[in-house]
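Take this structure, written in structure tokens, and hold onto it; I'll ask about it next.
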Amino acid sequence: MKKIKVGVIGTGFIGPTHIEAIRRIGFAEVVAIAGNGQESTERKAAELGIPRAYGDYRDLLKDDEVEVVHNCTPNHLHFPINKEIVLAGKHVLSEKPLAMSSEESAELLALAKEHKVVHGVCFNYRQFPIVKQLASMIKKEQLGKVNLVHGSYLQDWMLYETDYNWRLAPEVGGKSRTVADIGSHWCDTVQYVIGKKIVEVFADLATVIPVRKKPSSTGETFGGQSPVDTAYEDIPINTEDYASVLVHFEDGTRGVFTVSQVSAGRKNRLSFEVNGSQQSAQWNQEEPEKLWIGHRDKPNEILMADPSLFADEAKSAIHHPGGHNEGWPDAMKNMMINFYSFIRDGKDPHSDETPFATFEDGHISMCITDAILRSHEQQKWISVESIKEVIL
Amino acid sequence: MKKIKVGVIGTGFIGPTHIEAIRRIGFAEVVAIAGNGQESTERKAAELGIPRAYGDYRDLLKDDEVEVVHNCTPNHLHFPINKEIVLAGKHVLSEKPLAMSSEESAELLALAKEHKVVHGVCFNYRQFPIVKQLASMIKKEQLGKVNLVHGSYLQDWMLYETDYNWRLAPEVGGKSRTVADIGSHWCDTVQYVIGKKIVEVFADLATVIPVRKKPSSTGETFGGQSPVDTAYEDIPINTEDYASVLVHFEDGTRGVFTVSQVSAGRKNRLSFEVNGSQQSAQWNQEEPEKLWIGHRDKPNEILMADPSLFADEAKSAIHHPGGHNEGWPDAMKNMMINFYSFIRDGKDPHSDETPFATFEDGHISMCITDAILRSHEQQKWISVESIKEVIL
Amino acid sequence: MKKIKVGVIGTGFIGPTHIEAIRRIGFAEVVAIAGNGQESTERKAAELGIPRAYGDYRDLLKDDEVEVVHNCTPNHLHFPINKEIVLAGKHVLSEKPLAMSSEESAELLALAKEHKVVHGVCFNYRQFPIVKQLASMIKKEQLGKVNLVHGSYLQDWMLYETDYNWRLAPEVGGKSRTVADIGSHWCDTVQYVIGKKIVEVFADLATVIPVRKKPSSTGETFGGQSPVDTAYEDIPINTEDYASVLVHFEDGTRGVFTVSQVSAGRKNRLSFEVNGSQQSAQWNQEEPEKLWIGHRDKPNEILMADPSLFADEAKSAIHHPGGHNEGWPDAMKNMMINFYSFIRDGKDPHSDETPFATFEDGHISMCITDAILRSHEQQKWISVESIKEVIL
Amino acid sequence: MKKIKVGVIGTGFIGPTHIEAIRRIGFAEVVAIAGNGQESTERKAAELGIPRAYGDYRDLLKDDEVEVVHNCTPNHLHFPINKEIVLAGKHVLSEKPLAMSSEESAELLALAKEHKVVHGVCFNYRQFPIVKQLASMIKKEQLGKVNLVHGSYLQDWMLYETDYNWRLAPEVGGKSRTVADIGSHWCDTVQYVIGKKIVEVFADLATVIPVRKKPSSTGETFGGQSPVDTAYEDIPINTEDYASVLVHFEDGTRGVFTVSQVSAGRKNRLSFEVNGSQQSAQWNQEEPEKLWIGHRDKPNEILMADPSLFADEAKSAIHHPGGHNEGWPDAMKNMMINFYSFIRDGKDPHSDETPFATFEDGHISMCITDAILRSHEQQKWISVESIKEVIL
């Protein structure tokens, strides 16, 4: 069996996560990685058991054996590298956000169509079995007509004023932080689940910690020891720690979501509740194996992920019998199964249904982020206008 | 021991609930009730074991033995009857909302001050032990500085288009329904817990079911049997089933809440999460015995209501050892303990701290509801202006 | 309306709890209490708002107005006082255990029958709405044939070696402690729920803390302050902190339960799971408003206590709409409603169905405790023999 | 980087699960699988992307490149094939149970020692991050002295009398079914967590469904359609559906567990609670990311799997930041990381600490199962005698 040959750009946290997920599916193999500098990339390749290492990603793009490239770099490099991947005629799976602005994402989408490559964006929360099952239930109108959607995405990794990270710098992380980083996941997941697009937003953003303390270079940390006299530099912050956003969907469905990176005790709590005219459903990513289903006239239900209780079209997203819970890495695996099956079967993202988020979804996400920022500035409802042009 | 003598106006669901709660405290007794018509009220009095029955509430107000009157009538009667109670010089505990408009509630507050009666409004969710404990934790800054508050109050009793109730008619229930009925509880509870007032709101309201089916008088129901051919009349609805409201508190704390009466499976789910600079806390009234406490650097906690784990000032709100959960009726009992102790001790609501919601809180609630309605109409942020005048 | 007149013996924790529960039902009133010494009892009566105080319970038994007597004294007084109450021809509600041995409880049961009084024992966990609902579901075979029952009753109030209490002394608390105190509740509740009696037991008991430290009288505690130099006396303990008991029910149903008073973090966690041939159910008293219902072929359910979702015969045990949770005090109220309605309606516990635990149940409980102690001593299965004689 | 070469015998459900887990770790690769018949095994190899396929496992054992063999066959083949693997001088990871009797498992253990191979048994529940963390907490005495351990392992896949499976036949599945299948996991996990061995047991077993209906060969099922007139054959069953077992650990710690395969709604619910002299802990495999920690004097805790909250020695078992839950497949991956790192580092299971269950643990498990069966037959406490000889 010939395996699909893959290259991965970026060797930080998320790159190896992609590599492991690809390995699980059996019909694709990572033949090369690209990092920053030849020596360190070779060390990483040896550690990960990857045959070839490139100190410059451009060399990976010239590797003829590589058919698919994963872009696992920091945010500000997504656009230029995605562009080069497409121009190199290779299929591409990009980390989100797709770009730094909706102009850039529009350009990438057009380019990808033109060059006829398969394009994906790593909106991985769609790939949880329970999320697929809920999308199927809603499509079949088991909840009745969806009327309301509300939820939040809460984290605590930026809680303290001494929490500092490259994402805080707008030139690297982008002009929106919390909305772009995690609000984008909430919107993508919810739009996927209810099968409707957000067309209008009203937003309230806040920078809860307006000045953060960045460890100065002079206060060095030795060998993992906790520094005794770290010196800090005060850095004014202008990206948001928090947002609450009222949303209207294309058919008038109402919703609201809150995102925060300063909510102590919440690690990665993406959650939402859908209220339909007959039933409700609620999901929380920190307990990904459960779906709460709400009823008026009978007891509420807790659906544990279990192939024997799932709809046919959601069953394939779960790989073990009930009670053998699959988690976050398994959703990544599902993403790879879906993305690589699509490539293997020679499908076209512009005519076939894509069981993964594409550059189109990545562009829609950018447009929503733009509208949210504008709404907060202008303190009024803003249309997510570009959606129309994309969909049509 | 002389007991405080009480009269209760209104014999529907909530009146008897008040009566039972009063009986539990031991130092107050209900000597009279007033209903609609002498005969039916006498029957109710016999059933409840109350000595005197009045077919007209005005007669109860003339009963000299009665020192305190509970107003347990429908919304549109709150204002006129509260006024008469105060004018009769009796202490008053009113069901919420205090009136039909903030003008009326302002008048009642002024009148109550003038006549030097003790005045309370039945915002009962303040009276849960865990809520008191959380308020105490926040006052002592155990959560650090409170930055964010978000939550919802969800019910499902208006889910179907055939759900019909007097509260739907604006002339009886008021021009706001879901916000006034349950949003008011959310705001009162949260303001109490964090010790800050809401000063600005932006609201999005929706009437999810714009036409409801009211059972016509011709389709009669015999002896509890389910009607075979109920005829329905189409009634256009102009009060909201849903609202999401962005809020700003007096010190800049941000928040948002969602209220809905069309969320299948949610019966009376008032919940909120507070994110402080050190810790978070989350409470859900459907599991009232638990408080989730969120941490960044250690495991999250679940505090079960337990006097041995409570702060001194919250301990008195809980009457049994840990694991003997108290619920909704016990919060009502706490309200009565606090209200009647205050009267027994001869305290003055304008100089002493009131361990219950007063007409001032009732008025503030009316002002917030007014601001929410106005914000939705005008699609802009609206100040809760009257708060200033009340507080000063 | 004439109210039933009640006297309560015992003014410790549980006496006032009974009084409050009686007051809530409206058709019975506590006219007298009896304590230890005239002066302190009068003070207590004034505090509780009770008209008459007796320093000696024998005087309360001579009070002709008193029709019903509650025995709320420590364990070793249950038998002699219950006997006197019955001999005085008054109806009796006794705290559990009914007596100190099954010989005594058999005598009380015979005596109560002879004197034709209504007799009850305070096994209150039967009185939770969800427990009634589950009993009804099982009676209707909604779970299919019940095959297995397993669970536990865990507390932590005896966790530390410095925890000391009168119940530790066998002459006051009885020769069994944890089994008699809380195991008895587990057995009564489970037998009620599945409608079957335990006929055989195999037990393993342990005194986890074999020597406890009793505060000596010389180490005084002043005004609630924590004592600085408490002196302790070493007391060897010979009653069990823990037991696990295998049980067989009359029809062959299997079961097992664990009781412990040394399980940190468990306050009053009575829980059990019933596995039927079609469905399962699980209840935990620390979350009393929920019933987990387990299914093979559809999602599991969480039934929240809600009259609109309950069977007709369980509905009356719940007094508020769904989401207004009732708790431990409300189960006590249900007990009083059931006990006093039975008396009011002139029913006979030997011919009418008793919606509360009687002296017969109290005697059965004593027999099970006896069998458990004997099984542990003899390390073999022991029949709960006396059950047969009682039932026939 | 040279990868360790692996062969897998058995291509049913669990074989491919092993293969996927091995692939994730990056430094081992599956070069061959063996199944039943050349053609079907080749098809399976192509599907899984494995280079070599053997229709007979003996040929795989002769493959010189293969260094490690996984035995993923049905129970009755574990002993003979494990023996041949060891005799072939290859390292071995066997599915559990290790053999069909403790005589066989003793023989395998002796043989593996003699042939100096690395030997493992797939007791995978040790490999969950939270389980490792709890074992570390207990080792450091954070719970104080462990006094009690109780829990259960419940499933529902044998609930109906029409549920039929090869495991029901003693000659294939073994003379114990539920105890051997899932009780063995409970005992291994608990012994690992508290670091103590079970030395004495008292058991009560039951065959809840004594006659099952086996689909006859004449009632064919076409193409996944549900059979209209399946004919069934009545098969008497003599292996247990249920057991409750009282256990004593080597230092006198008490415990009890229940296993059942007929508990509706429980899919794979391995759970246990440990009560120490200072703290308690509870884990449930159906919510594998959470550990409940019980306290007497402060709120209970819920530890979510999170490397930043873990002890150093448990941290390596978790591969993502908090809130990115890992599940059952990740525990399998941990098993492979630990097993293959041990091999890669040239360690010896008889002198180095093994971070996985070995044939010794597999043999201990067989001895416990034997003791449980004997206790049930003889209705008395039975020592797990062979443990002594193994440990010494």
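Lettered A, B, C and D in written order, each chain numbered from 1.
By definition in this document, a residue touches a chain if its C-beta (ideal position, glycine included) is under 8 Å from a C-beta of that chain, and two chains touch if they have at least 3 such contacts.
What you see is a predicted model, and the numbers here were worked out from it, not measured in a lab.
Relative to the C-alpha centre of chain D, the farthest chain centre belongs to B.
Once the centre of each chain is set as its mean CA position, chain B and chain D turn out to be 54 Å apart. A straight line joining the Cα centres of chain A and chain D is 35 Å long.
With centres taken as mean Cα positions, chain D sits 42 Å from chain C. Chain B has residues 266, 293, 300, 304 in contact with two or more other chains.
Chain contact topology: the protein chains form a complete graph, every chain touching every other one.
Taken together, the chain A residues at the contact with chain D in this complex read 1, 3, 17, 20, 23-24, 26-27, 46-49, 155, 157, 266-269, 285-289, 304, 306, 319-330.
Chain B contributes residues 147-148, 150, 152, 154, 156, 159-160, 202, 204, 206, 208, 242, 244, 246, 254-256, 258, 260, 262-266, 273, 275-280, 292-296, 300, 379-381 to its touches with chain A in the complex. Across the interface of their complex, chain D is touched by residues 291, 293, 297-304, 308-309 of chain B.
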